[in-house]
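For reference, chains read A, B, C, D, E and F in written order, and residue numbers begin at 1 within each chain.
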Amino acid sequence: MPSERAERGMDILRQINPQSAQALFSELESIAPDLSRFVAEFAYGDIYARPGLSLREREMITVAALTAQGNAAPQLKSHIVGALNSGCTEQEIIEIMLQMAVYAGFPAAINGIIAAKEVFTARKVNEAHPT
Amino acid sequence: MPSERAERGMDILRQINPQSAQALFSELESIAPDLSRFVAEFAYGDIYARPGLSLREREMITVAALTAQGNAAPQLKSHIVGALNSGCTEQEIIEIMLQMAVYAGFPAAINGIIAAKEVFTARKVNEAHPT
Amino acid sequence: MPSERAERGMDILRQINPQSAQALFSELESIAPDLSRFVAEFAYGDIYARPGLSLREREMITVAALTAQGNAAPQLKSHIVGALNSGCTEQEIIEIMLQMAVYAGFPAAINGIIAAKEVFTARKVNEAHPT
Amino acid sequence: MPSERAERGMDILRQINPQSAQALFSELESIAPDLSRFVAEFAYGDIYARPGLSLREREMITVAALTAQGNAAPQLKSHIVGALNSGCTEQEIIEIMLQMAVYAGFPAAINGIIAAKEVFTARKVNEAHPT
Amino acid sequence: MPSERAERGMDILRQINPQSAQALFSELESIAPDLSRFVAEFAYGDIYARPGLSLREREMITVAALTAQGNAAPQLKSHIVGALNSGCTEQEIIEIMLQMAVYAGFPAAINGIIAAKEVFTARKVNEAHPT
Amino acid sequence: MPSERAERGMDILRQINPQSAQALFSELESIAPDLSRFVAEFAYGDIYARPGLSLREREMITVAALTAQGNAAPQLKSHIVGALNSGCTEQEIIEIMLQMAVYAGFPAAINGIIAAKEVFTARKVNEAHPT
C-alpha cells in the first residue's frame, strides 16, 4: 500500500506528467521498483509538494538545471512536458534555454532547444491525432 | 562609448545587483575589460533584457543552474543577491536549492544552502549597519 | 518527533560520521532544517540503511563519486572520515582516488588525495590529543 | 611486442571484460592504437593491477563514478559487465545506482539503472542462446 | 538585416564550417531564430573574430573543451570538422583527445576519438563521392 | 631508479613548470608517491612527450579544458604558468578563457580570468623580487 508521501507525490505527478511517470515506473518495475517509490515519495511527495514555489516555477528551475547539466536528455524532455502542463508557455521554455547559454555555454542551450522542439512537435502531432 | 546593448544590460544590472557588477568590472578592468563588455552586452543586454520571463524568474533559473553545476560559488552568491533584489524571498531561494537535491544530489543542495546562508547573513549585517 | 526513517538514518550516521552530521545539522538548523531531515530520512534512512551493500562499500562508492565529480570538497572530506569509520583503510581510500585518475582525470585524483591527506593528518592530531 | 605493463593489464581485462576490450581495441586500431595501449598499460596494468582493492571493489567504484558523471554510457555498460564478471551481483549494481541518486541526483540514478537493465537483459539472452 | 557583428561571424563560419552552421540555423529557424543570431553575433562575431589566436588554435581549444566536457556530441563533431577546415590535421585532433585522457579521464578521450573517427570517415566518403 | 618514461616526463616538466611539479611531488611524497610517478610517466612521459603538438599547443588545450571544467583551480593555475613558460603570451591565455564563455558559460570564463590574473600578478612580483 503506498505511503501518504507516495500518494502526495503521485497526485503531483498526475498533474504535471502522468505519461512520463507511468512509463518510468513500468520501466523500473522489474529491476528497481524502490526507485519508483523514491521518485514518488521523495522527489514529488517531499520536495515538489512543498509550498513556497508554484509547480510552474518548480518545473522551470528543473528545466534550467537539466539544460545546464546537459547529460540527461530523457529527463529534460519529460520536464519540458511537465513545464508545459504546469502553465509554462513554449516561449518561456525557449527563454530558459537561451539564458542557459550564459551559464552553461551555447552547446547546452542548443541541445536544450532541440530537445524542446522535439517535445513541442510531438505534442502537436498528438493533439492533431489523439489516441 | 557604451553600445546601446551595453546600456540596456547595465540598466538591468543596476536593478538586480549593482555592487557585484561593479566589483566584477573593477576586477576585470586591468586584464580583460572586453569580458565586462560581453557581460553587459550579451548576458544582460541581449538575454536578461528579453521579454518572456520576469527578472525574478530569470534569477531563479540562474540560481538553480549554478547550484546544480556546483562549481561557481562567487557567481552563485551574486545571483542569490540578484534573486532577492528581483523579488524572490529567502524561502523561495531555499526551496530552489532543496529541489536541486533531486537533480544534482545532496552535496550540491547543501553547498547551495550554505552559500545562501552566508548571503542572507551578510545582508542582515549590512542592513543593521549601512555603510 | 523524528520519523522511524530518520531514526534509522541517524543510527547509521552515528556509526559512520557523527561529528560531520552534527556539524551539518547545526549549520542548517536556522536556515533549512528540512534538509537535515531529508539527509537523515532519505539519504541514510532510505538508502544507506538498505541491505545489499556493506556500509564500508557504500562509503567507498561515495568517495569515488565525490572524487570524480570534484566539486564538493566538504562532503568528500566527510565521507573520507565515514569510509575510515566504516572499515576502510587509508590505503584503500588512496587506491580509490588513484583509480579515479582513469575515469575523471589526474586533477580530480590529485585533489582527492590532497583532501584525504588533510583528513588523515587531522585524525592523527586528534588521536594524539583527544579533546 | 607488448610491454610487461600491457601484458599485466591484458590479463586483468581478460578476467573482467574481454569482449568490450576487444571491441574497443578493434575500434581504435585504425585511428588511435596508442590509446588502446594506454588503456592496457596505464588503466589496467598500472591501476587495476595494484593490490589494495579487489577487482570487484574496483569495478564497483568505477560503476559509481560513471553513473554519477552521467556522460559516458558505453563505458558505464562495459563496467556493469565488468562488475558482474568480477563477482558483483545484479542487486549490488542496482544498489550502487540507487545510492548515486543521493550524490548526483535522480536522473543519473535512473539512467544508470536503465543501462544496467539493458546489460542484464542482453546477458540473459546470450546465456539462453550462446553463440 | 544582419548586424555588422553577425556578418563578421558569418564570414568566419563560412571559413570553418558552413554546412554545420547552415544545418543549425535551419534547425533553429522555426523555434529560436534569435539563438542563431547570438551564435553568429556573439560566438563568432565577438569571440572567434578577435585577434590573438588563429582560427586553427581557436578550433583546437574548442575541441579540447568539448571532449573534456563529454556531453555535447553534435557540437564536438561540428568542431572536429571546423578544426580540419582551419588547418588542423587528423593526427593533431587525435593528439588533443589523447591528452584529454589526462584531464577528463579515459572515457572522455575514447568517446572523443570515436566521434573523430566518424567525422574522418564521413569526410573521406564525401571526398570520394562529392554531392 | 626512475623509468625512461619518468625521465622523459620530468624533462618536459622541467621545461614547462618545474616549481609546480616539485611542489606536487613533495605534497604527494608521504601519501601517494605512485601518483607522482604516474604524473611523470603517463601524463608527461607518455602524452606530453608525443610529437604532433607543440608544448605551447598542449598547454593551451589543457588551460581550455580546465577552464571549461571549472573545478580544479590549483591545476588551472599551474597550467597557466606552464602555458606562459611554453611560449604563450598573457593575451593568448585571456583569449582562451574568453572563448570558454561560449562553450562552458560566463562563470567559467570569469573564474578562469581571475585565476590568470592571480598568476600574472604573482609572476610580476617574483620577477621584480627574485628569490
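Note that a contact is a pair of C-beta atoms (placed from the backbone, for glycine too) under 8 Å apart; a residue touches a chain by one contact, two chains touch by 3 or more.
Quick caveat, the model's predicted, so the values are computed rather than measured.
Enquirer: Smallest number of touch links from subunit B to reach subunit F?
Expert: When the steps are counted carefully, the minimum from subunit B to subunit F is 1.
Enquirer: Select the chain at the greatest separation from subunit C, using centres from the mean of Cα atoms.
Expert: Greatest centre separation from subunit C goes to chain E.
Enquirer: Centre to centre, using CA atoms, which chain is the farthest one from subunit F?
Expert: Farthest chain from subunit F, going by C-alpha centroids: A.
Enquirer: Give the rotation angle, in degrees and rounded to the nearest 5, that superposes the C-alpha atoms of subunit E onto those of its identical copy subunit F.
Expert: 180
Enquirer: Count the residue numbers both subunit A and subunit E use at their shared interface, divide by all numbers used there, and answer same if that is over half, different if under half.
Expert: Different, since under half the interface numbering is common to both chains.
Enquirer: Using mean CA coordinates as chain centres, what's the gap between subunit C and subunit F in Å?
Expert: Centres of subunit C and subunit F (C-alpha means) sit 30 Å apart.
Enquirer: What is the distance in Å between the mean C-alpha positions of subunit B and subunit D?
Expert: One centre to the other, that is 40 Å.
Enquirer: So which bits of subunit C are touching at least two other chains?
Expert: If we look for residues of subunit C contacting two or more partner chains, we find 34, 38, 42-43, 50, 66, 68-69, 71, 75, 94, 98, 101-104, 106-108.
Enquirer: What's the contact topology between the chains, one of line, ring, star, complete, other?
Expert: complete
Enquirer: What residues of subunit F sit close enough to touch subunit B in their complex?
Expert: Its residues touching subunit B are 69-71, 94, 97-98, 101, 106-111, 113-114, 116-117, 120.
Enquirer: Can you name the residues of subunit A that touch subunit D in the complex?
Expert: 24, 27-28, 30-32, 34-35, 38-39, 43, 66, 69, 71-72, 74-75
Enquirer: Per the contact definition, I'd like the list of subunit E residues that touch subunit F in the complex.
Expert: For this pair, the touching residues of subunit E are 42-43, 47-48, 50, 52-53, 57-58, 60-69, 75, 91-92, 94-96, 98-104.
Enquirer: Which residues, counting only subunit F, touch subunit A once they are in their complex?
Expert: 68, 101-108
Enquirer: For the complex, give me every residue of subunit A touching subunit C.
Expert: 34, 38, 42, 46, 50
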